[in-house]
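What follows is a set of structures to go through.
Consider the two complexes below, in which chain A is the common component and chain B and chain C are the respective partners.
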Partner chain A sequence: MNPILEVKNLRTKFTTHDGSFYAVDDISFKVYEGKTLGLVGESGCGKSVSSLSVMRLIPSPPGVIESGEIIFKGRDLLKLSMDEMRSIRGNQIGMIFQEPMTSLNPVFTIGDQIEESLKLHKKDLSGKQIRERAIDMIRLVGIPSPEKRFFDYPHQLSGGMRQRVMIAMALSCSPDLLIADEPTTALDVTIQAQILELIKKLQTELNTAMILITHDLGVVAETCHEVAVMYAGKIVEYGTVEEIFNSPQHPYTKGLLNSVPHFETGSRRKKLETIPGIVPSLVNLPPGCRFSDRCGFKTDICSKQEPKLETHGGHLTACHNPVGAP
Partner chain B sequence: MTVATATMNQISTQTQMPKSLWADAISRIKRDKLALTCGAIIIFYALLALLASLGLIAADYAQTNPQGFSPPSPDHWFGTDMFGRDVFMRTVHGTRIALSIGLVTSLIAIPIGVCLGAIAGYFGGKVDDLIVWFYTTVDSIPDLLKIIALSYVMGRGILSVYVAIGFTTWVGLCRLIRAEFMKHKSREYVLAANALGASHTRRMFVHILPNVFHIILINFSLRFIIGIKTEVILSYLGLGVEPGQPSWGIMIDDAKQELAQGVWWQLAAATGAMFFIVLSFNIFADALRDALDPKLRNK
Partner chain C sequence: MSALVEIKGLTKHFPIKGGLFQRQTGSVQAVTDVSFSIKKGETLGLVGESGCGKSTLGRCLIRLLEPTSGQIFFEGKDITNLKGEALRSLRRKMQIIFQDPYASLNPRMTVGSIISEPLEIHRIGESKRDRINRVQELLEVVGLRKEAAFRYPHEFSGGQRQRIGIARALAVQPELIVCDEPVSALDVSIQAQVINLLMDLQQKFGLTYLFIAHDLKVVEHISTRVAVMYLGRIVEMAESEELYKHPQHPYTQALLSAIPVPKVGGKKQRVILTGDVPSPVNPPSGCYFNPRCPIADGGCKVTQPELLTTRPQHETRCLKVSAQL
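Up next is the complex of A and B:
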């Protein structure tokens, strides 16, 4: 099966007053049709920058994609002109943002906003067809009485409803790839579950490939087929969701999985396990392995040589001392 | 699908449509009696100006009479000036000039201010530096000096008044729009529009501009006040419209000599006409800002 999106050795550099650094440093991943890749990691590890790089929406300055290839359906997105890129955004690659409360324009009705990408990309549709399609999209994302809701303004909707509208906007042109950047972070737990169910259902129906960015491992386990764990701008572990959850190799992945709180009835109260230390500043990284100063399995080589992504226990891990099955 | 549109029509007639910002603003102004009165006065002036320019009322405003300076009487409500011209009719025609100055200068100044402000705020960086440098330079020369200089260059006449006021009074709006665009360009809805494939121009003028449009509207209503007052000052200084024209500035200018002879009606008519329209615009602009600015909505 050919991947619909293949990112090869992508490096995105940011220049700030404190110096320049790679927010995304030499990462590669593939996304297949109808499948979901989860990008997991702590805040600031480069998840969002990776996805914005794919869309070429990195704010520049300060950011610039320095090297790498982003092959989408056989074309390298980094070589396209701004106009060609605009015809792909919203049309072939859709994006759902983190903050449904602020991602909608407050002065337009949600109908206008769902129609927007259709108007931009499907020039052959008549005004009436566009309106019908937009109403269908509102219905598809599970908003009741779509003909009426079409004329609502964002402030009249709840957070969950707004996220549904964002999903409708992203999917209105039936994109081949959907990038969901923490789509449920701003929502409460019950709504999160609904939105994830919806995304999963629509993905199966429309056979869309998806990149799901999250720091919630529960979400990953439920939604993703493959997972890439990121740490300080690098992918440290990459495999199928079963491999990652059943036999994490990298101490960081293991630490993340251990940090998930368990609520078992009858068990004695245990303290929540955490990973000691903090994420290093990208401007001032430790030598060798970036995780070395927080790692419990550190050996001499770790602070001398940066580990490469190699196969350990059936999938790719960047570690000198893979920890094996838990 | 025809079913969908049919139900849509049905629903839109059955239920109340959600209120847009503008519909909400209009209903707020409707509740404000004072603002409504002022709006009515503005419309009344505009009607007078329209009818006068069509020659339907006060048509013989230029009719002279050998016997000048007749005091107010049933024949001449506000008396006559030194050439025996009816002051009331001249005042009515003055409305035409005053409002046309507000309108035409707005048509010049608002596009300049909005475009430069939008470009500066949206793109930032070097473009912003250049535009800020440009408008601070323009703004460092007092407005009146610029207007006087332009009027001297272009010669006396209503056209030079339009151009002089129009090209000198855009800086304030430009600043406001620049600041708003800087604020809005990093909002997520603009990023979301970008992710949908909207171009720079589309993001600037279709997505952000409607969010700051209330500022332009308020500025538009305030500009009439500036236009009317500046015209009066220019005419008084002898730089405004041609002397024969019935503008309020010219009338006040004429009146400075007449006052010594006890002729007060020309001054009173022009000042009174100006007072009511400026006051109405002021109150109306205030009400408009209250109605459009959600942060002030606690009345």
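Up next is the complex of A and C:
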């Protein structure tokens, strides 16, 4: 099967007064129809920059996509004009952002905002058809009495409702690819469960390919088919969700999995496993492996040579000393 | 062992004023009729969704907010109406750590002066030298270098700033610390470091915690007992493991089942709640949870359930659960 999206050797550089650095440094991944790729990692590791690069929404300056290819349905997005990109964004690639309040316009009703993107991209639809489609979308995401809600302003809705509106907007043009950047991080768990269930249901119905960005490993395990673990701008481990969770190879992945409290009998009030130290600054990375200053498996080579992403235990890992099954 | 703190019928309603004469037009029922006690050295966890009243309760408990009604006892003494010097010396024994390690530290003060400020307020230490020594000791306790004293908060990472907040709370040797979402803003790997530190310090100094968070996994891990709040009221309270193994209240059951677990394969039965959290200005009649409850019946719309013992050492506020006893 051909991927809908294939990112190859993407590097995105920022130049700030602290110096310049690669927020995303030579990453490659593929996303398939009807499947979800999870991008996980801690704050600042480059998850959002990866997805903004795919959308060509990196603010410039300070940012620039320095090299790589972003092949979407056979075309390299990096070679398209800004006009061509605009017709792809919101139409063939939908996006849900983390903070719905900042991405919804407070002065327009939610109905207007959903209609807006349909008007822009589906020029063959009549005004009446657009209205119907917008109301259908509001119904589809599970907001009761859609005909009435159509005229609500964002501030009249709860956080969970706003996130549903964002999903309705992102899916209104039936995109081939949906990028969801922390779509539930700002929500309560019971509402998160509703939204994740909704996203999964719609994805199956519409057969959309999806990139789900999150720092929550639980969300990844329950929603994704494939997973790319990022650390300091690099993908350090890449495999199916079973491979990543059942036989993590990279010490960082393993550390992350072990540092979340589990509901296991007898584990309460015991010390959690930790990853010592903190994430390095991107302008001042340790030599060799970027994780070497925090890694318990470090050997001499680790601070001399950057490990390549290679197959260990059946999937890709960038580590000189892969740790094997837990 | 006796209780270090105890609250009885604690209620905090914020008035809503409106109109030309700023008359009271309603109230936010942030906390209603909460009673519990925390033993010395114990950690009581408090969980619930955003806006359910956790922070308000924590602040009332240590007298940072005036409760509307109810009583607070500390070491057996009624402190509800304590004022002046008596309140000031009590403050020493009760400290708070906030959620946001960025907003809660004054950016213009060095870490050293941030930590020694409470020492000065409570006139602890004979001389400046004493205080400097104490600051260095505290930095060491929370795992920061001594040089940190001369630097400013913005020079530290989130987890390190949270350590600074913890050092400041520890400075006055408190008995009780209200930890209000101390790890919510932190990355997982850093979250684990801070949780371990809080547990270590508890052992070392015999601290008592009220640990507030919306993440039930974290609360369960660190707490001896857990109280689940919904719309200003406690709906279930039990020992940590008991609560996890035998959740009684349909809300607790939904909360537990909604938590995504970092494991593949183990598909669990999920209770998906419909609807949103109702407003504390206008709570529903009967049981506050009834509009979202999967097992509610007609009676739940009318009768307000009480918090009753439904299993040994385990209290639940649900008509359906208590009807089965």
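Here are some notes:
Here is the rule we use: the second predicted complex is superposed on the first by the 322 of 326 C-alpha atoms of A that agree within 3 Å, B and C clash if a C-alpha of one lies under 4 Å from a C-alpha of the other, contacts with A are read in each partner's own complex, and residues count from 1 in each chain.
The definition used in the following text is that contacts are C-beta pairs under 8 Å (C-beta built on N, C-alpha and C of every residue); 3 or more make two chains touch, one makes a residue touch a chain.
Bear in mind that the values here come from a model prediction, so they are computed numbers and not experimental data.
In the three-chain model built by superposing on chain A, chain B and chain C fit together without any clash. By the touch criterion defined above, A:95 lies against chain B but remains apart from chain C after alignment on the C-alpha atoms of chain A.
When the shared chain is aligned, chain C comes close enough to touch A:190, but chain B does not.
Of the two partner chains, chain C is the only one touched by A:262; chain B is not. When the two complexes are laid over each other on chain A, the CA centres of chain B and chain C sit 80 degrees apart as seen from the CA centre of chain A, to the nearest 10.
Contact with chain C, but none with chain B, is seen for A:219 once the two complexes are overlaid on the shared chain. Look at A:75: by the touch rule set out above, it reaches neither chain B nor chain C. By the document's definition of touching, of the two partners only chain C reaches A:273; chain B does not. By the document's definition of touching, of the two partners only chain B reaches A:86; chain C does not. Contacts of A:120 after superposition on the shared chain: chain B is touched, whereas chain C is not. Between chain B and chain C in the chain A overlay, the least Cα distance found is 6 Å.
In the superposition on the C-alpha atoms of chain A, no part of chain A is touched by chain B in one complex and by chain C in the other.
Contact residues of chain A toward chain B in the complex are 55, 57, 61, 86-91, 94-95, 97, 99, 102-109, 116-117, 120-121, 128, 131-132, 135, 145, 147-148, 150-153, 156, 166, 169-170. On chain B, the positions that touch chain A within their shared complex are 1, 4-5, 7-8, 11-12, 15, 17-18, 20-21, 125, 187-189, 191-199, 202, 207, 210-211.
By the touch rule above, chain A contacts chain C in their complex via residues 42-43, 158-161, 188-194, 196-197, 215-223, 241-242, 245-246, 255-257, 259-263, 265, 267-269, 271-276, 278-279. The residues of chain C lying in touch with chain A in their complex are 49-50, 157-160, 187-193, 195-196, 199, 214-218, 220-222, 224, 240-241, 244-245, 254-255, 257-265, 270, 272-274, 276-277.
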